[in-house]
Each structure stands twice: as structure tokens, then as C-alpha cells.
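Labels run A, B, C, D and E following the written order; every chain starts at residue 1.
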């Protein structure tokens, strides 16, 4: 589905144009065409591939989807694949990933969104408000799109960070081991999804600002370094969460064992509290001919008192050594 | 066993030829010969080694098999070893690996399959339908073979991914710890087989598209980058599965311990439920002369009621604290 | 909030100046202006960005904060972000981080502190006492600021090291497992905060003394190597603590299990000590017609003696094998 | 002890010569001398060091032994240290390591074996059968020796792999945890010995075929790449075994805990089976005046039947839930 | 404290000189002055810093101590910091570290020892016996000092290796888990001290023999490679010990759990042995009117025989299944 097809000249929007007119503008010196597609059909993409002279391997990648994030150079054009990551707030929220493939040439930029809800209307609006920057051409639009995709990782990261904090608050609480370990496992799965979006992109972005850079992004290196910097920050936070999570899992194992010990102590304490009077009752249930206590008028009550007395003592003792 | 021996000129098939005629074509400028062998005898391979002037060390590798995946340069020819990985669907399916050794020179390409069932008929058919690409010569055939072998890794990867998901669904289920840990161990073994096919090949493929590349693959760098990209994607998925598996094993250890605690709690609860009436019975089994309850008309029934009453209370209590 | 705005000429302080006069000095050859801001408003920073011609991306970073530590080159100026780490002594002390953003050009240095209590008055005083070094200009001030921030990491590191030692003293003590594991987890969290301040900065600082260095710090390479060296030392200590901590957590798990075993042994020993006389009492509670012991005059006392005797023996035995 | 001292000319053996005659041949253009020593005395080595002009540091290394594997360049000569690894088949077999130090110059090659049983007679025989390759000179002999040492690692690797498989077959078997964990520990020790022989050598060998190579091995790069390739294959297998072993140890821990749980379940089940009839017996041992069952003619048998009945039910139940 | 101050000319000792005369010799072409200090006062060091023109940052490092091992280049001089590690034999022996800072210029070498007992008298003696090597000048003395410090690591490494072996012998022994885990933790602490002495030094030493080397050590590269080689060997051994230790800790955890299982089995077995006769006694303590066994003349003895018989059977059974 075609979302937009707009031609820009010297940083200013000229007009919305139909796809067929692209070839009229794409050859002009100061112009570039910005096309946005959403889940395009094979034919839609083929038309644009023809117009812009896209490489068949890149077109195939964009069509099939499920690529890893990357930025590839094809002669004088760039092909970027970004993962979008969405983590809606809510009780049954699941993390969702989509893909944006971006083809960038001197006079065109084509974005192909797949399985993503949020579009880039705001990117277009923002860049159109900054004609002095948009003059840099399609390379600047690439930056604006990447910057937006990357900035959308931060709330996801924050949500995952909060989940870890929630778990950390529970981790030393008794009897929460099962839910903690389930939560840690689920968190790890989400974190890996985010990590797989961030790490390969970080690596690729590094090639857009240091040393030799593709012609299209020349002069924009500080902008791409900024994107790299954001990615690196997310990367570092992910690594921090991962490390704390690994420790949290170990700690959880320790808490489970501690809990086992506490249960065993409780078991032992109550066993003693029941077994001792049972023993006493057994003694006074013996059938010896001569057992003077049996003859006492209040022998029975004395024996009950003995049982309670010992148990009260045991109870106090187990309380003191924290077995109960 | 000779599977095929075909000569191509300017991207088009000329003819099937007998092995003896190879020398007639291999010296012509625009021709190349594509030979496919399956589990060849020492003699079959020796003949072709002679025809193409293959390096004895490479021939020895292809003959002996059990090489690690690699791509080696011998002067102006290439020698590649790929692992094929097969994981048939079915109850007793086992992962199986085979090997394909490929010798590529300017005018020839020779593939030697060992311990593999699936051949490359479809590769030959596909490339013959694309004469404009087949014009690139033997280097393009190398790409087509590698691309096919690598694409066949994806269903294996998907199967392993599904196995992990199956385990993940079981991992928090009670009493599944033993089967989970067996499944995790078996999965790890399979994953390492796939990893050993993918990782060394990825490393080697990286040398076919960046910086100086062997003459034979010149102009095809974007194709080999595509193969590299697929390998990198598989590599990343493997690493993701490995990481989740490591965590799953730890989680499983935690579940085992949790289970132990739950068994201990059950044991303790039932012990209490039996021990308390035993104690009461013991008390009324004492032989004191003066025990008024013993004289009551319904003392026996009261005592039984006491026992049941306490046990009902205990049972309710243990249910509430989830020990039962 | 503006803290200071001072102009220096040939290493000596000329005068405190108002912000508006900066432009008079910033163009003079031997002068540089040193401005210090604390939690500046958007407007304050905008004025200075204008005066010094700062890059908008860097200004945005300084304004927004929450950057990772870094040193970036913008044409002929540098932009550094440092994390300050504070760990006050005291019972409820928490580790606190702040940020210092530093813009350095040939004729100016601007530091922007955020969320930090300790200022850099002492740095200014110290550098003013060393005019021969201050002659190096703004680059030397950058060194002095970095040196100070890094030196302030050492007491934090020492505090964390002491905490590890405190835990180590407790780790083999019985019944301290729960508090140990809580302390280890908390220590790990603090350590990661320090690590995230140190590691990225170390990496960036490495670019200020080896190979090609930015013009501003030329001739000061041995000073920045010294900063790097301090960072490397902290880095190594952190890694050492991390490694010991990982082992300490494992050891703690072992101590928990050992403890469980000891509790089980105690349980078993006491169970035996109670169960054996209960059995004897049961035997003499049997109703056989002919049980000669029951007729003995002191049978009862003999039976009690038997019970105590066996229990004394069991107790001694369990003591000897360290189950009690 | 001198094993051999032979002079070769243009790839063919000239003669066995006494050590004193070495200097006559070592200066001729097409000749090289191949000397083999076994556990040489200080004097023997000193004589040859003098003859060949060996570097004192290398001679000291060869004399003292206990070096790590390495290949060092001394001006126009090479000094290599290889570890031999022997793992005889048999019940009490222990892994044994020895050392071979090799000095290679243009006109000589000197091998010094220490603590090794297997010599290199077969290497000498094989190379003498291939005069066209032996023409490459001492560099080719170095290759042949390295190739032989490395090929002798494979059976050791296979043996260790089989040991892992043996353990894997036992790992899910009940009550084998203690022997498994002992076997895993012992296997790890052996694996590290092999790893310490392979990894440093692999690293050093890499320098003999890529980029600039020492003059002595020029033209033999494909041969040394082949050695490297074998080392890399062993390295990868070792890493695979190590990884599976790490998982196996974790799995073993899990099996131990599972076993504990099973023992606890058994304990609980039998405790219940004994405790319930004990309770019933206790009830009918009470001394209430009015207990109608006691008067029944077959009350005793009914009570026994009740006990057996409940126990049979419990037994069946515990069997069904796999506690017994 | 000044230990020595000697001037050498062309590899031979000229004279012991007072510090004040240093400046007379330090400017002569073939001379160099070798000064050794121990725990010097601020003034002592300042005098020599003045004489030799040492860099203030290096002097500060030497004065303050607690540096990490390193070798830094200051224009045409070198500054090295080495850690000495001492591990005396004996029951309460603790590992102790000291520091040696070495300043090396063309015509001088100054060593500053701190917190170290062993001096370098033997180094001085040995080098004076080798005037042909001492001719290399101060660089050779640097080598000799480094070689000595590094050689003194070997006995420490051996001691730690022996400690690991001692632990390994205990690790599968019952009831040694607590002492094993304490020993493993203590060993790890010592190992990290040694590692922190070795690893950074190894890294720095690598810069003294490959590629461009500082002028002072030119021509001595094979000697520094030898030092590097020793360091690498120690490094590898440390890594090997670390890896075995990590496994040993895991194994220890497994042994603790195994022990727990064995205790539980013992508990269960004895519980059964006591509970069964208790049950029998309970049965014959029932008060049914009609219990024929009670009337039997030897009923009591039969019942005792039954109890003993069953227990003997149980005991044998538990022995056979290794629960007792």
C-alpha cells in the first residue's frame, strides 16, 4: 500500500506526485523523492524497484522480510533494514517486532514498513519544518527515520527495566520464587528480542560515521554518530539488565534452597512438639504392675501438665532459634 | 559416482559430455564445465583432479571428508567445504550431516557430495533458467550452491526453535523436570551440530565480499554478501536459542528445587495430620487410675470427634497456606 | 545556574567576567574563558551555545542528560560527558550518580554539571596555582576536570571493596546466607553503576593519547594517559570484585545446601532420640498375658533406665559424628 | 642421545654422518642436515648449538623444557616447540605430554624430543619417499614433523569424545550421579591438557601461511595452512566437548536434585503407609470404658483388615503418582 | 633508602658513587648509572628525579605506589611498574605483593622497590658477570630485572597449583564439602592477585618486541620476547587453574547435594527400622477383647522375634541398596 510519494527540492516540499511521475523528478539535480510503502504487494514494489533501479537482492530482502537489522552499500545507494519494537502497556501486553526496509539513493528514499503499526508521519512533518537540514537530501531523511526508530526503543527498554525492578523487589520475599523465576524467564525472552534489534544495527551504524563513509551520508556523520550513541546507550543498558538478571536467577535459586531449609526446620520443630508428648503418653501407657504415678490422684493431670510444659518450652526455644 | 558433467558457454548449456572430453572445453575462453560427483571412488576423483589440475591437499580433504566448513584459496582457484544438515520430521528423527566439497576454477566447477541425500538438481535447473547470471561463470555457480546449502539450514533452525518453544511451554509445569532436562540436553547437542556447520562458513564467506576478493568471485560480491547475511542471521538465532537454553536449564534446576520444597511441605502436612490424632490416642491409652474422660459414656466418640475436628482444621490450614 | 565565568591569559587568571563579555575574549589568541554551569536552564545554555558556537547535537545531549560517558570530537572542539559517582558513608547511604558535560574549544571550556553536589572549585584553585601548566590552555583544564572526576571514583571503589570483604567474612558463617545473598545482590547493583561510569570513559580516553589525537589535547598526551591509567586500574579492580562476587554467590549457594544438610542431620538425630524410647514404651504397652518384665518390682524403673541409657548413647554418638 | 644425523641434497638422502662433519655440509647450497636428539645432555645440545649457531635463549628453552607450544622467529631461523600428547588405551591409562623442540635454519633442522615415547622414524621414511617435496628443504621437514604431531592429537581427541559419550549415556540413569561427576571432572582435566597443546600452536601456525611468512617456509604456505586447518578442527571439537561438558555438569546437578526429590517422595510414602495403621492401633489402644468395637467377636481381625486395606489403597495411590 | 648507586662503562662496573656525582657520569656516551632505592622518602626520590630529568607523573606514580603493572614510554625514556608476589611456605602463609618502579633512560636505570623483601642483589651480580650482555646498556638491565621478577612468579604459581591438587584430592571425599569450598574461595583470591600482577604486564611487555620498539630496548627484542613468553605461560596456567576451579566449585555443589540425598536415605532407613516394630507394638497394645496371640504362652517372645526379624530384613535390604 502506498502511503506517500512526495518530491522535495532544496529541502522544501514541491508536491505529492503519483508514482508514475517519479522518473520526471528523480533525474533532477536538487530534487529527491520520498516514497513510503506499507506491506506492499509484489507488484507495487517491482514498479518502484524499476523506477529507482534497486538491486534485486535488496528488493527480495524487503519483500520477504525477516531480515536481521543491517545497513548495506550497493554501489552508490544504501539499503537499511531496521526492526521496530513495540511493547504496549497493559496486562496482556506482548512485545511485537516489525521491520522497516529503507532504500536510499542520491535522489530518492523509499521506506517499506512491514508488520508495524506506527508510521513515520511525524518524521515527515518534523523534517519538513527544518528545510535547512532537509537540504542535505535523502541521507538526512535516512537519519531522521533511523533516529525515530531508535528513539522508540527507549520506552521499551524502560518498561523492561521497570519489570526487572519489580522482580528485584519480590526476589527476597518468601514464597515468591516460582513467580519470580517465571517473570525472569519471560523478561529474558523480551530482552533478547530488543537486543537482536539493537546490536546488529549498532554495528552497522558505526560504519556511517567513522573512517570512509558512503557518499550519501557525507557531511551527516555527527548525526549518525548521535544515532550510534543512542544505540550504544541502549546496548549498555541491555547488558546491565542481562547481567543483573543472571545474578537474579542465581539468587532466586538460593532463595528456593533457603526456603527448603526453612520448611525443613519447621517440619522438624513441629515433629518434636508432637513427638515428645506422644512419648510421654506411651510411657504412661506401659503395663508395668508397679508404676506409682498411675496411682496418684492427679497423676493424669500432672502428666498432661508435663506434656504442655515441655511443649511450651520447645515452642519458645524453636521461636528463639527462628525455626518457627 | 558421476552425477553430471555439463559444459556451458556464455551462460547457456552446450551439452552433457563424458569426462574424457573435459580437456577440450576447459581451455576455451567463454566455457566452463560443471561436474557433480557423489561419494566418488579414489579413481574417479583422481581423474578429475588431473583434468582440472587440483591441489593434492584439497583433493585429499575432499576424499577423506570430515573437514570443517571452509573456503580456501589455491592460487587462482577456490576450494570450499560446506556441511549439509538434515533434520527430517518424525518421531525418531535424528539430525544428520553430510559434506559438499567444491573446487572452483575459472573454467570448471566440481562438487563432491558425501553422506548427503539431497542433491543439487534444482540448483542446476534454476541457474540454467537465468543465463544472464550464469554468464558470470563458475563463481556464480559457487554462489548458487552455497545459497542452496545455506537456505537448507533454515528449516533445521526452525525445527530447533520449535523444540525450544515446546520445552518452554513445559518448563513451569510440575513434574516435567526430568523430561525437560533430557530434552534440553538433546537440543543442545543438535544446536552445536548446526553451529559447527554455520559459524566457520560465515567466517570464510566474509572473505568473499569485503576488501580484496578472489578473482573468480569478482563482480559477485553482493551475492556472497547475501549468503553471509543469511549465515549471520542463522548464527544470531543459534546464539539466541543457546542463551535461552542456558537460562532454561537454570530455571529447570530451580523448578526441581521448588518441587522438592513442595514435596517436603506435603510430607510435613500429612505427617502432622497423622501425628496429632496418634498423640491423642496415646494420651487416652495411658493407664492412670483416675482419668475422668475414660468413664464418660460417649468419651470414645468425643475423642474420635476431637481427632477428626483437629485434622479437619489442620487440613484446611494447610490448604490455605498451599502446603497441600 | 552560572557558577563561574573567568577569563585566563597565558595561564593566569585575568578577571571574572559577565557572560555577555565572553565574545570579547574568546577571539584573542592567548586567552581562554572557563565557564561553569550547574543545572542550567534552557536559556542559559542557549546563550553560551551561541557564544561558543557549540554543535546543536552536543548541546541537546548536555541539556537532556542521561548520556553514557563519552568524548566526542566536533571538528576542532571536544565534547565530553562524565559520570560523577557519590557514595556517602552512613547507614542508609545510597550510591548516586550525576553528570558533567564539558565543551572544550581552543579558547573556551564550558562545564555543565547536573545532579551533582560536589563542584570543581578545588580544580579551579589548583590549576590557578600552576600557571605553567595552565598555559597549555583549555585542554589542560579538561585534563584537570577529568582527573578530578576519576579520582573521586577511588573512594567509591574502596567502599565497595570493603563491602565485599565484609561479606566474605560472613560467608562461611552459619545462618547468614540470606543476609549475605541480599548484600551480594545490592553490591552487584552498585558495582554496575560504577562500571557504567568507568568503562565507556576508559575507552574514550584511550583516544586522547595514542596515535592521532585532537588538536586541543596535543602535548598533553602523557596527562591523559595518566587518566586512562587510573581508569584502567579502577576497571581492573571492578572486574576483580565482580569475579570474586560471582564466586561468592556460588559459594553462598553451597553454604545454603550445606546448611540444609545439617538441619536434616539434626532432624534425623532428634527423631531417633525420641523414636527409640517411644518404641520401648510401645513394647511394654502390649497386652500379652505373659510378659515377665511387667511383673518385676522395679520393671518400670528398669524400663526408664533403658530408655535414658539408649538415648544417652545415641546422643553421644550423634555428637561424635557431628550430626548434633 | 643422538637418534639420527643425516645429510640431504636436492631432496635425496646423501649419508648418515657423524656430528663432527656437520659443518662440512651445512654451508653447501643445496644441502641440509637433519638431526634428531632424544633427551639430550647439556653437552650434546651445546655442540649442535655451536654447529648451527642457535640462539642461546632458544637453546635454553629446549634444554629446560616445560615451554608452551610456540613458533618463534630468530632472524633467518625458526624455533618451534610442540607438545606431544599420548593417551594409551587401557584401564588405568593416563594422558601424558611430552615436548618436541625444533630448530630450523636454511641448511639444517634439529629436533629435540623430551618425555616422548613415539619418535619420528616414520616421518623420515615418508619424506625420503617424496624427494620432489623434500626438495623444499628444511621447511618441508618442519611441516612433516608438525603434521605428524598434530595428526597424533586426533586419536586423543576421539578418545575424549568417546568418554563424553559414555558419560552422556549414563547421565540420565538414576544413582549414577557420583560416578558421572567424577568422570566429568577427570575428563575436563584431560581436555585442558589437550587444549593447552593445541590452542597456542594454532595461533603460532597461523603466522606461517597468511601475509608475510618467514623465508624458510616460503612456498609451503598451503601445507602450513593445512596444519592450521587440522588444529582448528581439533580446537573446535574441544570447544564443543567443553560446552557439552559444562551443560552435562549442570544437568548432573539437576539429576542429583531430582534424585533427592524422589528419595523424599519414597520416604513420605512409606512413612504414611506405616503411620496410618499405627494411628489405628493407637485408637484401639485407648482405655475408654465404652468402645463397642473392642467387644466385637472379630473386632481384632476387622481392625487388622482395616489397616491392610488402607495401606493397600495408599500403596496403589503412591504407585500411581510415581512416589513409589 | 639508597641501596646502590653504581656507574658502568662498556658493560663493566666502574665504581660505587655518591648520588651527587651522578651528573658527572650520566652525560658520558658509554656510561650508565644504576641506582636502587627501597621505600625512598619524598626527598630522596626528588633528588634523583632532578638528576635524571624524570617526568613528574611517573615520579608521582613511583612515590604513591599501588599502580597496576605497566610499561610507559616518556619520550626517550621508559617507566615500568612491576608487582612482586611473595608466597612464603608455612601454615599461616599469606600471599604478599610489593611494587618495583623502574625508570630507564639511555644513561641511567633507577629501580624503586616498595613493600618488597627480596632485593635484586643477585641480578646485579649476575649481570656484572656478563659484561658482553651488559654492554647493551640500561635496556639490558631492565630485561634482567623484569626476568627476575617474572621468574619469581613461578614458585607462587606452583604453590597455587599444588593447592588446587590438594583440593581435588579431597573433592570427592564425603563430608569435606565445607572445607573444600573455603579452600577454593581462598585459592581464588590468591589466584586473582597473581593474575593482576601478570596480565597487565604481559600486555605491556608485548610492546617491547613486536613492531616498533622504544629505542632503549632496540636489539634486545628476543630477550623481551622471552620475558613475554614466560608471562604468557604463567597466564595460561592461571587460566587453566581458574577453569578447573570453576568446575571444582560446581562439582562441590553437586557433592553437597549428593550428601544431602545420602543423609535423607539414612534418615528414611532408620525411620523405617524404628517405625515398623512401633507399629507391631501398637497392634498388640490394642484392647480388643478377643486377640488370640495375647493369650499364647510365648506370644510376647514371638512378637519380639517378629520385630527383630523384620528389622533384620529391613537392615539387610537397606544395606543392599546402599541407603545405609
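Observations
Convention: contacts are C-beta pairs under 8 Å (C-beta built on N, C-alpha and C of every residue); 3 or more make two chains touch, one makes a residue touch a chain.
All values derive from a computational prediction rather than experimental measurement.
Listed by label, the chains touching chain C and chain D alike are E. Although chain B and chain D share one sequence, what matters here is the overlap of their interface residues, and that overlap falls short of half of the numbers used. Bringing chain A onto chain C by least-squares fit of CA atoms involves turning it by 70°, to the nearest 5. Measuring from the averaged C-alpha position of chain A to that of chain E gives a distance of 41 Å. Here the spacing of chain D and chain E, counted between their Cα centres, is 25 Å.
Among the residues of chain C, those touching two or more other chains are numbered 250, 253, 257, 260, 264, 267, 271, 275, 278, 282, 285-287, 291. Taken together, the touching pairs link the chains into one ring where each has two partners. Taken in ring order from chain A, whose neighbour in the chosen direction is chain B, the chains follow as A, B, D, E, C.
Of all residues in chain A, only 55, 57, 61, 67-68, 70, 72, 74, 177-178, 181-182, 184-185, 188-189, 192, 196, 200, 249-250, 252-253, 256-257, 259-260, 263-264, 266-267, 270-271, 274-275, 277-278, 281-282, 284-287, 291, 293-300, 303-304, 307 touch chain B in the complex they form. By the touch criterion given at the top, residues 168, 171-172, 222-223, 225-226, 229, 232-233, 236, 240, 243-244, 247-248, 250-251, 253-255, 257-258, 260-261, 264-265, 267-268, 271-272, 275-276, 278-279, 282-283, 285-291 of chain C touch chain E in their complex.
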